[in-house]
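Below, subunit A partners subunit B and then partners subunit C, in two separate complexes.
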Partner chain A sequence: MDLELAILFLQQGLVSGLVIGSVYALLALSIVMIFKTSEVPNFAAGEVFMAAAYCALFLMVFRALPVWLAIPLTLATSFLVAALFRRGVLTQVAKASGSPVNLVIATLGLSYVLKGLVRRTGYGDTPRSFPALVSTDSVMIGQASLTRLDMAIFVAAVVVMAAVFWLFAYTKVGRSMRAVGMNPKAARLMGVNIERVHMLVWGLSAVISAIAALLIAPKILMTAEMGSVVTMAFAAAIVGGFTSLPGAVVGGFVIGIVENLVGLFISSRAIVVAPFLVIMLVLIFRPQGLFGGRFAIKKV
Partner chain B sequence: MANPLLSVENLTISFGGIVAVRDFSIAVEPGTIHALIGPNGAGKSTTFNCISRLYKPNAGRIIFDGQEITHLPSSAMAGLGIARSFQNLELFNELTVLENMLIGAHVHCGGSFGDRLAAHPPAVMREIDAIIERTGLAPYRETKARNLDFGHQKLLELARALAIKPRLLLLDEPAAGLRNREIAALDTLLTDLARKEGLTIIIVEHVMALVMSISDRVTVLNFGTKIAEGTPAEVKGNTAVIEAYLGKEVALHG
Partner chain C sequence: MQLSRRLLTLAGLCLAASGLSPVKAQEAGITANSIKIGMFAPLSGANFAYGFDVANAAKMYFDKINKDGGIHGRKIEVVLEDDRCNANDLVAAVKKLVEQDQVFLLHGGSCSAAVVAAKEYVVRQKVPLVMLNASGDGALYPPTDYIFGAFSISQYAVGGAMVDFAAKNLGAKKIAYVNHDDAYGAWNLEASKFDAEALKVDLAVESVSPTITDVTAPFLKLRAANADALVIVTYARPAALLIKKAAEMGFNKPIILSVTGTANLAQLAQNVGGPDALKNFYIQEVLSDLPGGPKIKWVYDMYKAAYPELSAKAEHPQTYMPYGIPSAMSIVKALQAAGPNVTREKFLEEMKKLNFDSGVMAGPVVFSATERAANKATVFIKYDGTNQTMVPGVFTSRWKYKG
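On to the complex of A and B.
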């Protein structure tokens, strides 16, 4: 490979990596914000993402609702379903046993329920394409080519990330979320409504997953299995340390870029292993993740 | 005798057949400092955990300001005006001193939608700044709780409890791990809070000099049962108390 081509590949890999990485980053954010507040890895994140895409598809294509109505409706539905799942299922499971394992299994249950529901409607039987809301004309950045849709994905994702950071860092409700994650017992004694905080976190997390789905759906073929992309989001979360919001974002971009570079420089067949290679390298050399801070040892 | 601000009546709690506190009653007068002392494992912290609703007692009633609170959730305590500190710190470690205080003032940050979103409501900030100043935490305002030394973490526990603007303050070993100078400052602070501002304080403490100096009344627990109660001077001379602390032999011969 000559140098000129390598430089071209490098630019293309970085730019495409940032676009797909921004979607991984959003999904990783939605996983990490739940884990931070309740130490439950949400294994239904992928299916929430998939179900939200189908919800929007149903409203826009089969009900012919205008976009300005279909998108808020999709986001509101995602919020409600997730918040109610937290209140109706997880809270009850926590009360009944208190073991974190059961909470994780409950999220797996949600993933099967959502997948089952989408299959039940029949819309998931054949791969479908989602209408693009932004033109797919191509634009050049340096020597890299990408579409206007790609740019819209990146910009929208960055705006959502900024909003999440602002919420967590600079608002009362964000502070309560962080406090509940660190010490629920003390937070409760200070009068923080723990249950409401958990519902809000689940709802917001689902909204972020839904936004990721709306952004990426036009670029991929929709199937009931599209939630498997969440593997990349978990990889991103692990790279970032699993409890750090900035870590999740950086992890998302790292996974996206590595994936694209491997695809261009090595082989498109090697793409699937790239994220796991990154996870292994991170776990070997910096097991707490890039943004995980130091290891805390719990007293027994 | 004024109506007690807090009364605990016939409280009993056991864990798997072991009775931690048996038939325990106290009445705490408003504006006084009431100490709860006793050897390790006497049931002092357990009593605190019952009052702040972290443990569910097997029997007995807890009455705060004329209202029975025995069955209220712990999330209702801040709203009622009951605040506590913990023996083994329960801080929000990754939050700054200021943010810890703001969570303490959580119930006072309500109001309109804008107020709920606002991170630093001005009225609350004024009071928090005053408490931070008073407890000597001002230089550490933006320091994360986990980066404070133990003494300042203890102070932050106290300061955060004060941010609740409580009527009743439960302090679980606030002087443990403090140096003499810090204990003297704590003595002044607690005395001022009770005498000048009418705050009612229940304190569990092993530093006897502090207990004897600040307390209006002292209740002594041993093996989950009240063995003595009275003014510091009365308790100091009580034979049962000396036995509980030093053992029977010493009490007889000494």
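On to the complex of A and C.
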């Protein structure tokens, strides 16, 4: 490979990695938010992402609703379904048995239900294109080629991430969420409605997944299996430390960039392996993740 | 002592009687009036476009045979199972059909990776398996006595024919080639390399995962190869992503898509962002004519008559529908040749002798003592998102199984 080509690949890998990484980062945020407040890894995150994309497709393409109505409806539906799942299923499971394993299995159950529902509609049987809300004309950044849609994905993802950080850092609701994550008993004693906070966290997490789906769906084509992209988000969350919101974002970008650079400089076959190699390296050299705190023994 | 002698005599008589008895045990799935065939295909799930209407086509052909009097007075009875193109579901369906439904033969499989998973069981049980439309090369090479397939096309032939077409018809000296990094892709690539060497063509190969979501890296490497044509031998979704990326990056060389990625052409045109992405675009096909063309119109007419409700829907018949006919024809021909006292062994022997033109596919169905892949011929069509124009000629691979 000559130097000129290597520089082109490097530029393209970085830029494309940032775009796809911003979507991984959003999904990783949605996973980490739930894990921070309830210590349950949400294994339905990919299917929430997929179902939200199909909900928007149904409203925009098959019901011909205008974008300004279809998108808020999709986000509201995602919020409601996730919040009600938390209230109607997880709360009951937690009451019936305190084991977190049961909660994890309940999230797996949700993933199967959502995938089954999408398959039942028949829309998931063939790869479908989601209408891009922004033009796909090419734009050059240095020697790297991007589309306007790519730029919109990156900007929108960064805005959503900033909004999430603002929510957690500067609003009463965000502080309640953090308090529940740190010490639920103390939060309850301070008057925080724990159940309401859990519902809000699940709802908000689903909204973030839905936004990620709306951004990326025009690029990756829709199938009932599109939720598998969440594997990258889990990788991003692990790299970031799994309990750190900034870590999830950085992890998302790291995975996106590594994936592209490995594909360009090593082999296209290695793309799917790259995130797992990054996880292994992080677990070997910094087991708590890039932004995870030091290991502490929980007092019982 | 006398008792032992009597017992021995009785046992001897019993043995003799069993050997002389004119009533042999009935072959599974065969009665005086019926032949039970166990069919399996993806009737639901993400891959149902590969087999739902293919199974319908095979069923309607059997119905026609039944209406015409059946085979040696026996009517074909089909038991249909959903395999979802998933290896676990497919093997479960096969076991159910063999052990519970006691079928005479198996007729199914629309996805190679899934159907290959049934090979060991089928061979162990000595049940004939005639694939529906899967290539299933992994179960055909090395050949066994029980499995026949590639009625649509062998994947070796798919890969080799793509290179043959790009070199002969488009004059390509260097080909950018993308395949899957699985067994399917390996079969394609093996024959492609064989043909490339024979035609003195350079291949720049990128192998990608079937689940790839971002094709930027492989596409950039393919573009950097500065080839004369881009050959895509993948499933529909990665193919659409690559064609879309090519359009976004202003790639203007010919793009040729293998038959594995053409399940829904109208959807493909939408998925790549419209006809602009298909300005210099060819698809590989294994039918003898354009879909609905005069040579195969009878298949579409038969489908319309058999499934009026499905025909009324825009997405039916699915692209691969006619692929169900050659395998059904082969079963009927072999059953007829096996005669009224058909057994699985007789049926298998007749399958090995088949050599006929179905009129549906680009090439004839040809089996032999060592050949289990039915079809190796392909044609090519120029597709602009709306119109399809047949390119003259039949293209195939030089690759041969050497054992």
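Keep in mind that, in the parts below, the second predicted complex is superposed on the first by the 298 of 300 C-alpha atoms of A that agree within 3 Å, B and C clash if a C-alpha of one lies under 4 Å from a C-alpha of the other, contacts with A are read in each partner's own complex, and residues count from 1 in each chain.
Convention: a residue touches a chain if its C-beta (ideal position, glycine included) is under 8 Å from a C-beta of that chain, and two chains touch if they have at least 3 such contacts.
Everything numeric in this text was worked out from a predicted model, so none of it was measured.
Once the two complexes are laid over each other on the shared chain, residue contacts for A:Lys185 go to subunit B alone; subunit C is not touched. When the shared chain is aligned, no partner comes close enough to touch A:Gln11: not subunit B, not subunit C.
Applying the stated contact rule after C-alpha superposition, one finds that A:Asn102 touches neither subunit B nor subunit C.
In the superposed model, A:Gln288 makes contact with neither subunit B nor subunit C. Looking at the shared chain after the overlay, A:Thr91 reaches neither subunit B nor subunit C.
Subunit A has more of its residues touched by C than by the other of subunit B and subunit C.
Touch criterion met: A:Lys172 reaches subunit B, while subunit C stays clear of it.
Those residues of subunit A whose C-beta lies close enough to touch subunit B in the complex are 170-176, 178-179, 182-183, 185-194. Note for the complex: subunit B touches subunit A at residues 52, 54, 73-79, 83-84, 86, 90-95, 99, 102-104, 106-107, 109, 116-119, 160, 164. Considering their complex, residues 44-46, 48-49, 181, 206-209, 211-214, 216-218, 220-221, 224, 236-237, 240-241, 248-250, 263-264, 267, 270-271, 273, 315 of subunit C touch subunit A.
Chain contact summary for the complex, subunit A toward subunit C: residues 5, 8-9, 12-13, 16, 20, 119, 124-129, 136, 138, 145, 147, 219-221, 223-226, 228-229, 259-260, 262-264, 268-269, 271-272.
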